[in-house]
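Each of the next two complexes has chain A plus one other chain: chain B in the first, chain C in the second.
And then the complex of A and B:
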């Protein structure tokens, strides 16, 4: 490992740069040092003693530390990060080395901080990660320093732009690559979903999950920095139809992975319900720019309508309609309420509209709590909603197809996957139509939109109506899946979480809403010990997102364009004057 | 103040008065715009030019008086006015900043496209045909104003002059009979202004009548068939550029003193300054008609 320093500035140049800038010729050394420290950290024990809740995962406790090189869990992630950092440091042909190092550094910092903090808190003090009663475990600290050195190296080095990879292959090869990518994605989703496990045995589920997310973030960041994500994205764009079908098939294959248990299917179904609702909300907020703080009420209306029309013993209506019809009715009734809630948009804008929708959400919850018209069951809720049945199979049953046995709840999962796909199609088709452009125009400048001939009133109400209908559909499935519908599922907190999901993921995009909903609705599942701090954590996460990534995790293509630090030069070149002259006769 | 009322009148305002509380922004303004005509609307700041535009396009409902389009009263809703055939641009550029140039023009096509929500949902053959036609038309219009090369650029990233042109293209996309341009050359240099002048003449050739608000009197006098001078909400003078240019009331109210007199005033002011050793040459601003 030779410190191959970059060209030194000429001796007569300006006085030596001060501070970290002085390290500039040594970025490669720094990167190697950071990588080695990260590796070292992963090979050291992290906890000095067995914590109260049992030994820390990934064999990180000193006593379990029999084979230092057999890393697993977060320590394995750090091993990979360390190796990657050293490779990136030494192989100068890799484009955007500093950018990759930065992603690796941030990932390492996040992983060490999460695990280090967890061990410190659970162990009751810093002794747990340093030295205690003669035993030492500096893993967390060494890895943290490694991460900081990596980040530092990228900071003093010149941050390259994300390279654009233009690889093109034969169509079949590209399809094969897409297939591999999507299979990897499926496995990744299954791994994220199941990471940390669940139930009484999974003591450190929260830590393992968060650490896994952080490692994933660092890993994807590095791929993005290397231009690979951009390339895969371009592949998706080139073969959109094929990729969409593959994604749908992959989603339906989730029960075949490690996530194929009843518990994870329930979690995935709930995420699907909220993802579909978030996409509906995305029409209202992301496209039309109308802030809706009571949106979960439409999910609730759909759920209560379905509960009443499906023959639940406790329902006031007491008829049992076939499920598809129930879905349609739920959507229509939710849509009608959507149009009613949307009607104030003719008069109020912005913050005032947010307050009106907030009030509507509260009216809904209070009415449902008071068992309005005997339709909502009040605090007793409406229990005993029978499962959906088709072809003589109850949707709550396990399924066996030939040699493959699928867990209970898998049919609801399939149902929600199809619904999410449908909602995505609605969103995408509307976005790129006359109506979708009218929504975006209203979001951008309502007066100018009116001056362009858009009748803003009906167009805005249509946004509310369609968004509410989609939520109503999700609500119908939700009612059957949970079998009990209570007003408690549709409180203000849920509306805020949905809105946060849209903002976090990226306004106006489908993957953004799905990702946002997944993160925000899986976190409470994983971080049960933080149930009391849920809102605090959401708040912090949102503040951080607004500060560092205001366009959301998966920004709209247009907003992504704004990100480019140096706006792409408009293709004017030398022909600008000629175009100008062309205008003149 | 009698407007030539021929059968070819497209847009006519009669007795338009606009009262904001105690402020009378427009007082009994009447004029008519003929087919294929370019009218210039000039006047000092705060004279009510933009207010008149807002009354013409339904953004404001006049306190009294009527606006008619081909003899029919115009509806009092901007969207319906645009549908009827009166399009406008704004004094402060009001494009849709996060949309591309093409999408901005496509929004302008809104009133001329037929897509039911259901066909938008299903993207059927009818939908695709209407989208394709709209895109072709947008491409033509961008070509027409010289912006074809920035079709996929975000509006916010366009240079200032291009944004003004894009606003014109967006307004043209609504297939108007009348185009109202609010200061289309504000902030432009001489070459860009000349290009805009040529563009407006080209628009007229397609059969569209134009009303232009502008402070640049040279631009107005070389472009327009007729000029209206609005001062403090009242239509002061109306006539051909030559008539308006020579009218002493206009010179007094708007243009300030004639050039030689201004020079003399400046001279005097300078002398006075030198004599007094302080003080600002305030009179200089009299000639500030840009």
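And then the complex of A and C:
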């Protein structure tokens, strides 16, 4: 969020077609019209008949929506969009009105397109939203037009820069505001997790989820445009320690929200495992700039070590050590392998290093597949790993504390939250330490770093070692949580997914890695309708991210300068980057 | 003795295929320093394009005559791969030409995943291995060594085609105007531009040539092994990359020799080294690591410092 304050080159820099420019005095009217159309669209029927898989959510099949106060789901979002647009249009004191209208317009467009498209596809053709047997349902189309009008209005009017809000309050007031923000964040996370539901009853889970995401994006965009997100961000920075503790507590409170069921706890735990691993990878790739294409092997090594020391019947070692000890051993062994994999960095650089790490990853998978030394179970995997136990409670059990009953798997969730917090702390401390600065120096220019007196060899190996240890820790929890460890969980594709999580989130930042891992591991969970297309979309997304937003969703300040462009003095087409550079704060 | 001989024969056949694919890797890396991870998928797509055409498009009367069907399939395989390679260059790599090096590498991974999945999702029943018609003369030539060493005719075809194509490519690069333009672009793109060469066109040509060779390799692979699957691109692509590195990246002769070496290593390691066939991949990766660490310029590469 810090860096999204980058300002786009003003839209009017390019010669605009006269037709749109003529509308300039009427932007307020346009915004009102867009808002009204959006409102109207939300109350019109969206489908002309009950779809094959049952009624579409939010009572979209009604002939006309008659109860404005009872609207829910995507219709509620549209109502909010419409009202917000009208308010923004009429209250001229709001700063950056056009920018807010743009976010609202894009949100409306996305919501109406997603739901309209879904109804069309599920209903078997455009007839589902336009006309069938004498009835009409123009909800999707009207809302879409409303959104387009809003976006158009913002395009015609000048896009203002994002305002910086400088409100400062008493410390206690600011703490209270932060508390409210974080509680809202917690509820939001729970809502995102559970939106659409799961299982056989949740027919339109994918549509509901995507629509919710789109609405969320629109609202957050509007808040950002109004400068509120930037202000909250500044608030976080001012009270960092307090905010971090609050965030941790909030994460531990997730089981108390609507996401507190066994299923969502499992999903959240899996996300946590990959988030912790992604942060570890972020040390290697994001900080030290060493591309590792076989990183998931360390997660695998940690998992197999834990499986073998867990007393599982199928393990070759057959000893049962206490879990904390197992975690330490898993981390140490993964770290040793990390140092081995990292040792070629002494001689190999760049792309070649990526290939070396890929080769190590493949060697690991092949060896695990062939049950090397009887340690990995081969294609039979290692099943039946007993759950972690502490104070006589198995971690796979439900928990009851007084009146509060928590679902099964909640203890693993707590464990992984603590692990992620630990990994974040390690990352944050390392990043600003002498070692972290050495990594960043190596990333920027290895020869220059060496000239500055950094012993590049040990420093690079340390990056691999620490990254691998963190992955090994995550692997130990992963083994106990899933109870079965198979080589199939650690294939090349998983490494690519982890790398994509780091890249998508933003290299070298903590929220980036967590956000990236969450997105990449929650989307397949939610979009089961597209299970077949999952990897196809993933591949295309990877290409598009690199093309349009290589710095990721939460870009690192250093990294951004480096990844956005590399001025090419001879290339005559190089004017565009310089404009962006000049505009960047 | 005959086991050793037949393993060597197998190795040479596989090695010729890998060499053909490695040519594409080595040319692309030589010219824009990109490890084109998706090149293996280009090889795979060629095989699927050819077998798809033979199954769904060509009339059955045509498909019974090998001397007619085989050239058609090879041409179609080459064309399909070439088109995919050109599109890939145009839409995925060209926009990133001046980006930091990590970006195109990750893009290549994305293209690789997307191509593989596109075939899996859209080609009928491609989730499992699909049969590839055996179109060349069936049977084998038996060498009178020991108990007799059979060499499949389709294997001989692979070796011959690979050597001929590699020789043709080498001649093209060394003796034609376009080949000189390619070498100039590889040495210094900006100076090449000043000399009146359009680097974009040369780069597209490189991708097209590499793609076509991979497509031919795909058809020959299917014809020899009689089945194709969507994983074949990734594995053979990695082998081919190893071969390209082994021979000295950017070096055409090196790629072929490297390919043959990798083929021999795989078949001999599968026979004689501990672990047997289950670990032959592992040995190739061990060789890859060893080469990258100890002799990154390969057998034939110049001893200039490897670009980082």
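The working rule: the second predicted complex is superposed on the first by the 520 of 585 C-alpha atoms of A that agree within 3 Å, B and C clash if a C-alpha of one lies under 4 Å from a C-alpha of the other, contacts with A are read in each partner's own complex, and residues count from 1 in each chain.
Here, contacts are C-beta pairs under 8 Å (C-beta built on N, C-alpha and C of every residue); 3 or more make two chains touch, one makes a residue touch a chain.
Only a predicted model underlies this, so the values are computations on that prediction, with no experimental measurement involved.
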Which superposed partner A:453 touches (first chain B, second chain C, both, neither): first
Touched partner set for A:536, first chain B, second chain C, both or neither: second
Touching partner for A:430 - first (chain B), second (chain C), both, neither: first
Contacts of A:494 with chain B and chain C, given as first, second, both or neither: neither
Contact breadth on chain A, by residue count: chain C or chain B: C
Chain B versus chain C as contact partner of A:366, first or second or both or neither: second
Touching partner for A:396 - first (chain B), second (chain C), both, neither: neither
Partner chain(s) touched by A:503 [first = chain B, second = chain C, both, neither]: second
First, second, both or neither for A:445, with chain B first and chain C second: first
Interface residues of chain A shared between complexes with chain B and chain C: 562, 570-571
Residues on chain B engaged by chain A in the complex (per definition of touch): 57, 59, 77-80, 82-83, 87-88, 90, 94-100, 103, 106-111, 113, 115, 117, 120-123, 127, 130-131, 134, 145-146, 149-150, 153-154, 156-159, 170-171, 174, 191, 194-195, 198-199, 202
Chain A residues touching chain B - in the complex, by the definition given at the top: 426, 429-430, 433-438, 440-441, 444-445, 447-456, 462, 466, 558-559, 561-562, 567, 570-572, 575, 579-580, 582-585
Residues of chain A that touch chain C when the two form their complex: 289, 291, 293, 344, 347-352, 354-356, 358-360, 362-363, 366-367, 369-370, 446, 492-493, 496, 499-500, 503, 532-533, 535-536, 538-543, 546-547, 550, 562-563, 565-566, 568, 570-571, 574
Touching residues on chain C, where the partner in the complex is chain A: 33, 35, 92, 95-96, 98-107, 109-118, 121, 190, 193, 234, 238, 241, 245, 275, 278-279, 281-282, 285-286, 288-289, 292-294, 296, 306-308
